[in-house]
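We just call them A, B and C in the order they show up, numbering each chain from 1.
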Amino acid sequence: MHNPQLNKNGELQHLLTIEGLPKPILNHILDTASSFVSVSDREVKKVPLMRGKSVFNLFFENSTRTRTTFEIAAKRLSADVINLNISASSASKGESLLDTIDNLAAMHADMFVVRHGQSGAPHLIAAHLGRINHHHVHVVNAGDGRHAHPTQGLLDMYTIRHYKKDFSNLTVAIVGDILHSRVARSDIHALTTLGVPEIRAIAPLTLLPGGLEQMGVRVFTDINAGLKGVDVIIMLRLQSERMTGALLPSAQEYFKSYGLTPERLALAKPDAIVMHPGPMNRGVEIDSAVADGTQAVILPQVTFGIAVRMAVMGILAGN
Amino acid sequence: MHNPQLNKNGELQHLLTIEGLPKPILNHILDTASSFVSVSDREVKKVPLMRGKSVFNLFFENSTRTRTTFEIAAKRLSADVINLNISASSASKGESLLDTIDNLAAMHADMFVVRHGQSGAPHLIAAHLGRINHHHVHVVNAGDGRHAHPTQGLLDMYTIRHYKKDFSNLTVAIVGDILHSRVARSDIHALTTLGVPEIRAIAPLTLLPGGLEQMGVRVFTDINAGLKGVDVIIMLRLQSERMTGALLPSAQEYFKSYGLTPERLALAKPDAIVMHPGPMNRGVEIDSAVADGTQAVILPQVTFGIAVRMAVMGILAGN
Amino acid sequence: MHNPQLNKNGELQHLLTIEGLPKPILNHILDTASSFVSVSDREVKKVPLMRGKSVFNLFFENSTRTRTTFEIAAKRLSADVINLNISASSASKGESLLDTIDNLAAMHADMFVVRHGQSGAPHLIAAHLGRINHHHVHVVNAGDGRHAHPTQGLLDMYTIRHYKKDFSNLTVAIVGDILHSRVARSDIHALTTLGVPEIRAIAPLTLLPGGLEQMGVRVFTDINAGLKGVDVIIMLRLQSERMTGALLPSAQEYFKSYGLTPERLALAKPDAIVMHPGPMNRGVEIDSAVADGTQAVILPQVTFGIAVRMAVMGILAGN
């Protein structure tokens, strides 16, 4: 089957999901990001790569944090950025998603950064743009439902590569609400493609999706066993709506069983790094002593995230 | 009486309404827009015409779609754009409209793009700016009450000229809720000025304003009779609040009597074009087969709309 | 004690409050603003001083007017501006203020413009940035609780200097709700530092804070006595929530006792100027005849406010 993310030359046309993305493309994004890390350090944090291009941030689901990272990345590439909070807009006038896309494409958009509550919405948009022959318009998935959050996955890979250099001898543990996490899905696909030999999922049974073993993931319900000897710990955010109710007894209970404390961190390798996609719930999934400790690389993740998004947008705009 | 839209040299000072706008000025806008259509096609979609100018989008009534088109147009002219959603702002602190304008003018605004629920608000603002000798500040009406939506009227004229070349031998039908439509009013004035010999209004009696005949418009309540032999069909959006209630029995009934179906479209000339200001209600005023058909020029309208708004802003900024 | 606003060279690192700011720094800001007043008059209202810098408007409390002035000032300095309405954002996801700041700093922000309902929030942010060694990031207080609004204080000083040239022989009256006003506090500190010999506070007892006399302020509850012979009148906005209730009988009563009418203005020096931070309540604290009269300099304040904010941001970015 044709990969809907690639153009006929096998180059990246859209970034919809990390699943199925060839390893050379993953590496090309990480290499390009590496050159952008220094741009954000300069006095003038701008390159003219997307001057005169129009990037539309289409957020059907509110996320100021993610929207901000894409807005900064696009502006540092010199693009014009238009923020559209669609829930407050045409959607309320009963216009369909694809009619909205048709209209914005007719305004000569160059790129859509799409956040949507429903899994698959960015794919739908990308497929539609192909059907109406708008091949110059690119789609970046900024999170869709429970499905994927590819730029978060890529910035996680960038962070791991930055600190660990080589993927081929790592053990990586993903801890927490894997069932509802698009970040976890994106990370597992990326880690697999990049050749990580051991991926572990650590969570209570109620927050574990089926099919992990088939993806080559080792599953642990005991966090102490799961963390033993790992190089990388990726903590997941626990959505507040899960904290009480059917899936979990309470936030306090969760912390007792799965919170990352200094004691538990000590089970991992001494040079293990701790990651988190943010925003953190201190005292729920992670102890402040760990979040602010020397092994945490949570803020560098944010910094690398800008560079990775610049890389994705720059590569797409060039293809 | 002095035309409040023109400066003392007879040049465009504000764009408030198409009513009373001299034909040479209409044509100048359309000609200038034509040069901007290609700008949006270029790699770098920017011209420096408004570099360092400040454009304020003053939206007293929410309209993401219209605001977006003006924002893109201004950014492609290299202006700085400030979006102000006024309902959520000083208005709630009890400040008067004119005090708000005084304040923004004191910030050295160059242009106000004004959307307001009340007819005449942009005129009031323009008159006030003249009174306080802010002659360097320009006002563009982005839709006021039921009164006017001049840039929509202009982009409709651009579209008609693009496809039909000459206005002097056309029959144009406007179909739908003419009573509440500022688009219809703007279109009728523009078509008249540009010399269209036959303008038709097609609507149920409850959605027809008085005075159309005096404006030279032929009125039809039977859509089949009204569409016969026309060159251009301008469909209007049916506001959902009209669909049930005193004015109309239901959306279904409306579609049966006035929806544009392929069968009805066949009554027009074979090369007739179908226009719609968007957002469309598919299955209410227009059949999807028509909206997505070969005679529809609804998306080109959107594209031309950016160029027309660039032309209006560029001309005003130069005067 | 070390002044948290100054870096180790004694230059301005943050603008948090006018209290304790050395007179040479105040004068340097006013002198710099003076050079920016002409920038806003030019055809191209831009200087490249902050090109490629990222300014984050962090508004934890909504204020379109203040946000707009900072946004314009930053854009005229060629900065990239990111507007964050934080109440609608991560705050609702339970992230702490300092975690939000850490994240934004990790995106290589250059400047935070902070508006917050709680007094001291900008100080907290500045102190935190120092602690985590983000010394390249600057904080500008855009109003915190009842505490300070330093750029408003500075633009008031700019306005007084513009019209009166010399501070050393002036009598300045501040009239109205001094108890709840961060503007009044900032003005009193600035006037004192700049050597104004007589500062008067005029208000009903219920709207007077304690400690004014210790700050060297003469207190009047009789407006007629207080206005006698003054050079400058700074009116304060009466918050609508004070107008009825425990502190004041009604807006009408307030106007009768403390509203600035032409008759009362006549008690001041003939060339006295009238200032107001806006938005005005006409007919509550000020008569329209005065607000629109020849002695009012309320709109020039707004114009100077842009230049003063450009000066503050430009100076900070250069240090």
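Going forward, a residue touches a chain if its C-beta (ideal position, glycine included) is under 8 Å from a C-beta of that chain, and two chains touch if they have at least 3 such contacts.
Note that the coordinates shown come from a computational prediction; the quantities given were computed from them, not determined experimentally.
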item	value
Turn needed to bring subunit A onto subunit B - CA fit, degrees, nearest 5	120
Equivalent interface positions on subunit A and subunit C, same or different at half	different
Length of the line joining the C-alpha centres of subunit A and subunit C, rounded to whole Å	41
Sequence positions of subunit A contacting 2 or more other chains	none
Subunit B contact footprint on subunit A (complex, rising order)	51-54, 80, 82, 84-86, 88-90, 93-96, 99-100, 102-108
Footprint of subunit B on subunit C - complex, ascending	40-46, 62, 64-65, 68-69, 71-72, 75-76, 240, 278-282, 299-300, 302-303, 305-306
